[in-house]
Structure formats: C-alpha cells, structure tokens
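Two complexes follow with chain A in common, the first pairing it with chain B and the second with chain C.
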Partner chain A sequence: MAAAKKYKLSKLERDERRLGFVLLAPAAALLTAVVVYPIAELLANSLYSFRLTRPGYRFIGLENFTFALFEDDRFLQSVLNTAILIGVTVPGALVIGLGLALLANQPFKVKWPVRLGLLLPWALPLVFAGLIFRWFFDYRQGFVNWLIELAGFAPPQWLSDPHLAFVALCIAIVWKSSSFMALILLAGLQTIPKSLYEAAEVDGASRFQQFVEITLPMLKPAIVVALIFRTITAIQTFDIPYAMTNGGPGSATETMAMYIHKTTIDFLDIGYGSALATLMFLISIAATSVYLRHTKRDGGRN
Partner chain B sequence: MSKHRALFAAAALAAPLVLAALPACAQQTNLRIFVGGQQRPDVMRKILDLYQSRTPGVQVEVEVGGATSDQQQQYLNTVLTSHDSAIDVMLIDVIRPAQFAAAGWAEPLDSYLGSERDAIMARYLPAYREANIVNGKVIALPYFADAQFLYYRTDLLEKYKLQPPKTWEELSAAAKTILAGEKNPNLRGFSTAGAPIEGTVCTFLVPMWGAGGQFLNAQGKPDVGTAAGKKALQLWTDLKASGVTPANLAEIVTDRIRVDFQSGNLLFAMQWGYAWNRFQNDGDSVVKGKTNVVPLPGFAGNQPATCIGGWQIAVSAYSKHKQAAVNLLKFLSSPEISKMQAILASHLPVFAEVYQDPEVLKVNPWFQFARNVVVTGRSRPVSPDYPEVSEIIRTNINAFLAGTRSAEQAIADMNTRLTRVYR
Partner chain C sequence: MAGATDMKLGLGRKKTVWIAAAIVAANGFFPALWILFTSFKTESELLRHPITIVPHDPTLMNFVRVFVDQPILLFLGNSLVVAGLSTALCIFVSALAAYAIVRLRIPGRNVVLSVLLAVSMFPLISLMVPLFQTMRTLGWLNTYPALVFPYAVLSMPVCTLVMASFFQDIPGDLENAAMIDGCTRLGALWHVVVPLAAPGVFTAAILAFVNAWDEFLLALTLSSRVTSRTLPVGITLYQGEFAFPWPIISAALIVAIVPVCALIAIFQERVVSGLTAGGVKG
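So, the complex of A and B:
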C-alpha cells in the first residue's frame, strides 16, 4: 500500500507527462510516416511474389530470400562487387583525405584555394562526377587514353574490361569521397592542441615522429568516425557506377543498390526487389551497429 | 435609390455574361505529352502547334526526357507506378504495349474508338496494328515506324568499285578491302550497338534471324542455343578479330554510331531510320550526299532480317483529360502527321500509302524499299516482362562483345535466365 502510494504521480506530474506525450506526438507521427511505415511496407512486400507486370500477388514466405542467397548468382556478385569497392575506396579515400587534411591544416596565409579544392569534389553531384569520369576514361576521346597514346602505349578499353572498369570506378569514387574524409579529419586536426607539438619540438622530435606520436593517436577518433560514415554510404554505392559503366561489361561492375534498382524499377518485381533491399538494409544495420558500439564505448570512457 | 436600381440591373445583366464566360475558361484543357530526346521533340512541337491552331481551347505541353528507350521507360515507370496524373499522353517504344497492358498503365482505347475501331486499326501496317493490340484491347496507336538498316558510304564503295553487300560475308570482305586501301587510322568498317542498352538486343537477334533462327522453339520456350544463335555470335567474333568493328564495340550506344558515321569515321553502320535525316541536314555532317541505305545483310542462303522499332502513343490511365487526350492521339496517328514527320524528321510512316507520296519520296528516296523492310521486319519477343528479357540478352551480349564471357557461357546464361522468365 505504501509502495503503491509512493509511485503514484501527483496531478502536476500527470499533467506534465500528458504534455510530454502531446509534444512528442508530431515527431512520432512524422517518424512513423517516413521511417516506420516504409520499412514495414518493405518487409511485408519482401514476403510476397508481387510483380506489377502480373496481376495479383501471393504470400510465399521466405522464398525471395532463399532465392537471393542460394540461387541468384547475380545478387551474390553484386554483393561481392560492392565489397570490393568498399575495400578499395574507403581506405583509399582515407589515405588521400588525410593527405589533403594535413595540407589544408598548414598555416598558409591564404587558406581559401586549398579549402575550395577540398570542397569542390564534395559539392559536385554524384552523377556529374560519374559522367565526367566516363568521358575521362572514354576509349577514343578520353583524356586518360590521350595521355597514354601520347606516351606511346596502346590505349586500353577502360570501361569494357571488367578489371580496368573497377580501377576506373575506384579512381572516380576515391576522388569524389576523399574530400568528405578530409573535411572530417581537418576538423579533428584542429582540435589537437598546439602545445603538444611545441613540447615535442623542445624534446627534439622530428616532424615524422610528431606525426606518428601525436597527430595519428589524437586523430584516431576522427579517423574511426570518418571510416564508419564512409563505409555506410559506400554500401549504398549507386550513382557513379550507374553513370560510368551502368554495371557493364555484362554485370561485372553492378553494385547491390544498382541491382535492386534494376529489379524494382526496370523489371517492376516489387516483391523480390523488396527482399533484396531488406538484405541490404540488414548489412547497413550491421555496419551501423559497429559505429554505435564505438560511440558508446567512447561515451563510457569519457 | 435609382442609382441602386441601375447597379442592380447592370449586375443582373452582367451575370449571364459572366456565367457564360465561366465554361469558356473551363474548356481550356491543358495536356502534357512525354517525348524522348531521340523522337524529335522539336518536330513534335511543330505538329502540336498545328493541332492547337485547329483545336481552340487545348494547349499541349511537351515534356522531354531520356536519351534512350530505357531511360524514358525508367522515368515513366516511376511516374506511372505512383499513379501521377501529370502526364496525359506518352510515346512508348514498340516493345512496351504488352507491359503497359499488364500493368494497367495505358487507358484501353476501344471504348473511345467505338464502332470505328476496326476501320481505324485496318489502316496501319500489319506489324504495328498487331503490336498495339494486346489481348484484344487497343493499348496505343502507332506514331512512327522504324527499322534497322545498313547505312553505307557511297563515295568509298564507288572508289573501290564495290556493290552494297547483301550478305555478312560480303560486308566483311568489302570492309577489309576498303580499310586496307584507305589506311585511315580513324576509319572503322562497321558498327552496331554493343553497350548494355536496348539496341544491343537487336545486335544479337538480327544476325540470329538472318541465319534462319527463331527466339522461341516449337514448344514456345526461348532457346538461343541453336546453330543460328551460335552463328550470330561467331559473326561478331570474326568482325572484331579482323578489326572491322571498333575495338570498343562493347561501349557503343545507338547515337554514338550516328556521331561516328556523321564525322566520316565509319564505312557501314547498322542503324535506325532516324539517322538519315541527321546525316543529310546536320551542320557537322561530312557524309551529306555520300550516304545510302540498303536492307541489312543476311547470311548466304537465308532471308535477311531486321528488328522493327518505332514509337506508339498511349493515353495514361491516370490522366484527368482522357477524352481530350484520345482526340489528340487520333490526330497524331493520322496519315497527315505521318507524312509531316516523314518530311521533317525522316520518320518512317505507319501507313502504306505515305511511303508512295511524291513529296515524301523527294526528301527520302530510300523510302521506296523501306516499306518492304518494315513489312518483313521482325518483332522483338513480346512479353509483359520484356524489360527483363531484354536485360538478359543485352548484358550477356555486352559481356560477350567485351570478351569477358565466351559464346558458350553467354548462350547458357541467356537460356537459363530466359527460361525462368517464360516459366
């Protein structure tokens, strides 16, 4: 009796709680409409055989998923292609981005040319970047082959050789995403106190020692965040390969997102497309959970 | 007092006028038609200006989008799956009516055409009449016909005293002779679509048909692993190995062929009818008056074949002005407009009689035989799942042309995946 009385809310508290719910309602409704509902619809559709080109739809359980994971070579290839792109372009963009950030962090008198150079690739729409690089690597009119021919070598067919197409894609993606990395790392660099370097200078540490012993350890949190952000967006890579190779030759450079787009928008196979999107969603969740665990650990330590 | 009465009287007099004017405002109908960049939106605009001058109260806006058939379709897929009423009328590729019928995107025209239906449909060339009737329903009306032809450089063939080739063997021999004689590093012998796009489907089907092959076997199931299917792939292997086709055939898109031919870098081209007009009229065309068109070659001992193409006009099932849209459709799909398109854009007519029109022949002398090519042309596979059928063929042919997949692998993969679609 006493315990129950202890937890009973006063009128003021009840009013406040009601007000709290009322204030939360719009945000909750918005989230339901734009996040919960589409995801629920996606999950529901993934359990059906549902094509807009055929009348009706029927429940087939997990058949779409078993087909994708055990029979559809093309989906597995698209997962592998995406994994290769992540494996090459995320570390690639980190190395180049770090270089750019260090450059931008130099005490130049005029800072804007470097900062503008940093921002420009980042501000360019992805499809534009894809189109620019497609012409860059064009077999007969491309700048790259022009240089190669000038040097006296036979021009390679960048976009119709599967290996070279990957190389060209990786160069384009690294170029496009390095500036994002650099921006995050630059922010990290500027939080490192100057006094650390002054102390190291007094102790006679070389520039390289300063970089390895001060910059890198102090920059680690920023590096981890940049890597995780970049990996999550790289899972969804679509625009640049779409504009550069359209998945070709054959489907050698098709990413997961491109295959889902093709299945859903071109073939109008909503059921199977939803199942593929669900699988991609699960992969993204897995990557995000790594990020969440990392930030939680950071929070605990502080 | 009298002042008020006068005002009242004026208002009473004016009221019917205002009321009469209201329906006149409401009668102003705005239609929107979706046209691809390749279907000459400029010519469509001229045709629509003519329609507006004859039909007061109707304004038609042209929305242009998509450089290829696939891109146009992607856009329409998004608009139509979301039941958007913004587009009333749209041009669709000849391969699409089955899909539009199955998805319920096109308003069936039978009830609008009424008792005239059969008479109207009887006017069109048979291939186009059939392409637009799906399961007994009229899904769209033909706008213009198209087919793939062999374009060649008359000046170069004359220089080497060669006749236009009738077989693929002759084409290969002629190209080798001329390439060896010209020693022009930019000149290529023959080009066709090879990128993973819709046109590449024909790059496979045309020589397969030309070797006597069929897409469906006697049981109605797809089978491309026939002798003819293998012969078609062998043709491209040979032409590529002997340097007749560009080394980057797997990157070539339809309009790239036109650009290459127009800049004098191609001897033969497998290309659609639209290119004729560009070769004759474009400012940067160096092949003006040096170009002719003949039917595509076949293999010795077989009938040559071509893919028929062309664009149809459909009314969106989600349009809010269906009757006005159907009226526009009837106008656009008439012999008068067919003739206008033939003269302004070298679009092939969908009516037999327009091919014989002297004014049309004056601009397009090659229309004399073009009619026979269009009449004997073959349709690409008809299926509500055509986008998937097309994708299976084009990605395999693209990988094969790029040299990343052998002929056997490409045929095996096409058969496995096509069988699943036709199951």
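So, the complex of A and C:
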C-alpha cells in the first residue's frame, strides 16, 4: 500500500517535473539569447584587438586589460568618478530616503499625495531627471541660482566648474534614487509593531531614543537590502550624467559606463570596450554575490 | 479606527502630520510641476531675468510646436510598441516560470531564484557592447525586436518574483479540484490560477511597462536613428537650431511622462506593493 502510493507519487512527480522544465524553457531560451550568449561574446572579444573602423581582428591576450588598468588615465579617472558618486550618493540617498520614509509613515487621512510623491521620482525616466536638473542648475535661468540670488549671493557656474558639476550631479542622483529607497524603508517601517513604541513610551523613552532603540534595529534588514541594491545600480550610473553634463567639463564627471559607451559606440573599438565592460561585469558580480550571500543567510535564519 | 486616532492626535500633532505630507509631496511633485509650468511659458518669458515661476502669459504654442515641428508622435508610437510588446512577452514568459517555481516540484528551485536575482543585478552596460555587435550583424539595429527582446528579459526577474508571490497565495486545492474535474495542469493554470492571480499579473505588467518606457541606454545604442527613437532618446537627442529650447522640451517631457504618471496614479497601491515585494522579502 505504502509502496504503491510512493510509486504513484513519483510518477506524478516525474510528470510535474517535466512540465516544470517545459514551463521554464521560454524564460531560459530568452535568457540564453539576451544574456548568456552576449556575455560569452563579450568575454571572447575582450581578448582581441578589434575595431569596426578597420578590417580584421587580432588576438592580443590580456593586453586590453593591462592597458586599461595601468595606462589608460581616462578610464581610471572614470572609475574614480564612479567610486566617488557611489560613496556620496548611496549614503545620501539612504539618509534622505529614511527621512522621507519617516515623514511618509504618518497617519494621513488622504494617502495619495504622499504615495504619489514617492512614486513620481521613481517613474520619471533617469535621463529626464538629468535633463530637468541640468536646467535647475542652469547659470542664468536655473531655479537653484534664482534661490542663491534671492539669498543675496553671487550665482556660481554650476555645470562648467568640475567640482560644482560633481556636486550638482550628486544632488540629482540623490533626488532620483531616494524615493525608491523611501518606498522600501516605508514598507519596512510598517512592519514594526506599534506595541513596541507604546511600551517604550510607558517606560518614558524619548522619541529620539525610540528611533535609535526600536526603529533603526528593526529596520536594519530593509536598510541593508536597499543599500546593496542601490550600490549595484550606482556602479552602472549613465543616464543622469549623460543628460546633465555629458561627462564634462572635460571628463570631470565621466562615469565608467559613459566611458565604455563612448569607447564602443563613438570610437567603435569593440575589443577594448568589451574589456572595459568585462571589468564592470566582474565588479557587479562581486557586489551581487555579497547580496546573494546576505539574502541566503537571512533566509537560513528565518 | 481612523476616528480613534484622530481624537488621540492633538492639534500640534495634526499640524506636524500635515507638514510631513507637504514635504514628501513637494519633493516628489516639484520637478514635474516645474516643467509643467515651463511648458506654458513663451520663449521670451523664459529669457527674463530674474526667472518667473508661474507662467505670466500662458500659451499652448509649445505643445502645438512639439506635435507639428517634432516627430514626437513617431517617438510616442515607437515607445508604445516597444513597451507594449516587451511587456506582453515578459508577462507570458514570466508567468509560466513563476508557476513552475511555485507549484511544480522542479529540482534546483533555489538555483533558479538565484539566477533570477543575479540577472536583475546585471550591468546593462556590459550587455550593451555585445548586443550592439550582435544586432549589427543580424541587421536588427534600429528595429523593434532589437529593444523588445532585451526589455522583456530586463523585467523578467521582477515580474517572475511578483507573480510567484501572488501564485503562492492561491490555494492549491482549487487547481486539484479543477484537475479532478478533468482539467490538465495547463488548463488549471489558465482557467483557475490566472484569473485569481490577475491582480499580480497586472502589477507585474505595470512594472514591466514602466521599465521599458523609461529605458535609455539600450535605446540610445541599438535604436538611435531618428525614425526609430523612443521618447527618452528622441527628447534627449533633440537639438534646436540654437540653444536647447526649454519650453518645447518641457512640453515634450509632459507628453512623455503623462501616460506613465496616469498609470501609476490610477494603480498606485498595486505599484507600491509590487515594488516593495522584492525589496522587503529580499
């Protein structure tokens, strides 16, 4: 009886397994065509000297990589720019996002203005945010300089000064990314039981103490996920600087992604562009594995 | 319940709540409002110094010029076709995959989930280089498929995860009952699961659509000929005769963001739940 049941189950199981693979097949096929095969091609091309501006290609081993890492100052500058952008905008977006989440976590009677206020920046295309902020920071007609003049100061040339351009860029990126951060953190805030705060209030804890002792620890998992997520996307920063400064003045605000794009599409240097893209791929894999390890550990704990 | 909290709130507390709402809303609406105001300004008002905030002399001329002088309808059409087709493809493929992950005992379920997460983190710029070359070889540059297939894959991870979490909540007994009544597995998926999971499918579709509507890097690289540009590329690469014509650009931006804004305004609760499903569960 038991054996018969087991046999039946395993036949059903086999059928289900077969159907499972059939259902996964379209997804796997698309992934292979759009991700796996291109990555294989990317890795292969990175070992060649290969430009579309002249015929033929030649195997050169790791020469593209050694050139990028030891000789190409413009690439190293773009790596440094990207690192600074990550270092400034990821914590910046976290702080602003947490502030927005705390503000949004109030007992509103009408919820849509706040919810939409958090969703709009997310839904706005990155490149449009870049365009709009380029205009906010315009020397003559910009909103920022209008405020500065109202306050009685001399308006600066935001986008043609290397340092100020960087500052303006960071402000735009923080604005664009903090809302999504706030949405994630808000969802985390709403899972914290109200009873914890009531108990703390009975014990006479101040609002600040409640924030440090209850809110932050309870929010930590959401914060970590949001930070890693944001860092991985920040590595690829392209749209906002493309629209806002186009990497300028000079290449003061050029990111890795912008330099790779320029190398491949404008200079048509597929071999070297592939090597640079491979480097970015490796950095992202490292960051992603940190994320996967984190979620796995969390899953194990639950 | 709402009444009880209201009574507990003092007048000062009520004011704080009000200010909090105003700050969050202002932060989110401000740039959109700014371009909305600008789209009604005349070119000469824009050159005035100091600048004006609300248009003094509102005009619809910018919108007329966007539609008459610019191929904005073409960009709009390209965006609709690319976003629509890629969303349909993405939902079809992701729904099957999500169902397989949730209901069928496939081995290595966790591996599938890890692969999905890894893909969702993938640097687009690394894909851009070989995709450019492949599409060039295939002669697909500046065609719809060049964007439809990559966009479908781009949203596949998040759509699969969102739909999987909705499928999970549908009691398996319903499908078993349908199968006892003579339905096949796929029949049960189509007749029982999909209608019940419609909100989840719909949420995933909105996310996929917005992702495709907003994408810039691939569109710029694979589809930059004027006639095949999507809205983000068309507007960003727009060159006026002299300087960047901000009132016209603003009008174009309004045209480009209104469809998506309407979509998320109508379905805001669903969008929020879909966006946070991945993040909070991690």
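Please note the rule applied: the second predicted complex is superposed on the first by the 275 of 302 C-alpha atoms of A that agree within 3 Å, B and C clash if a C-alpha of one lies under 4 Å from a C-alpha of the other, contacts with A are read in each partner's own complex, and residues count from 1 in each chain.
Quick note on the criterion: a contact is a pair of C-beta atoms (placed from the backbone, for glycine too) under 8 Å apart; a residue touches a chain by one contact, two chains touch by 3 or more.
Keep in mind it's a predicted model, so treat the numbers as computed, not measured.
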Which of the two partners, first being chain B and second being chain C, lies in contact with A:112: first, second, both, or neither?
second
With both complexes overlaid on chain A, does A:277 touch chain B (first), chain C (second), both or neither?
second
Counting residues of chain A in contact, which comes out ahead: chain B or chain C?
C
Between chain B (first) and chain C (second), which does A:246 come into contact with in this model arrangement: first, second, both, or neither?
first
Tell me the contact category for A:153 with respect to chain B and chain C: first, second, both or neither.
neither
Could you say whether A:162 touches chain B, chain C, both of them, or neither, answering first, second, both or neither?
first
If we overlay the two complexes on their shared chain A, which of chain B and chain C does A:59 touch? Say first, second, both or neither.
neither
After the superposition on A, what does A:45 contact: first (chain B), second (chain C), both or neither?
second
Between chain B (first) and chain C (second), which does A:211 come into contact with in this model arrangement: first, second, both, or neither?
neither
Could you give the residue numbers on chain A that contact chain B in one complex and chain C in the other?
140, 265
Chain A residues within the chain B interface of the complex:
51-55, 138-140, 157, 159-162, 246-252, 262, 265-269
So in the complex, which bits of chain C are touching chain A?
2, 5-6, 9, 16-17, 20-21, 23-29, 31-32, 34-35, 46-47, 49-51, 89, 92-94, 96-97, 99-100, 104-107, 112, 114-115, 117-119, 121-134, 149-150, 152-153, 156, 160, 185-186, 210, 213-217, 220-221, 232, 235-236, 246, 249, 253, 256-257, 260-261, 264-265, 268-269, 271-272, 275-276, 279-280, 282
Going by the contact rule at the top, pick out the chain B residues touching chain A in the complex.
70, 73-74, 77-78, 81, 99, 102-103, 195-197, 246-248, 250-251, 384-385, 387-388, 391, 395-396, 398-399, 401-405
Would you tell me which residues of chain A are touching chain C in their complex?
13, 16-17, 19-21, 23-24, 26-27, 30-31, 33-35, 37-39, 41-42, 45, 100, 103-104, 106-109, 112-129, 131-133, 135-136, 140-143, 146, 149, 175, 179-180, 183-184, 186-188, 191, 221-222, 225-226, 229, 232, 235-236, 238-239, 242-243, 256-257, 260-261, 264-265, 270, 273-274, 277-278, 280-281, 284, 287-288, 291-292, 294-295, 298
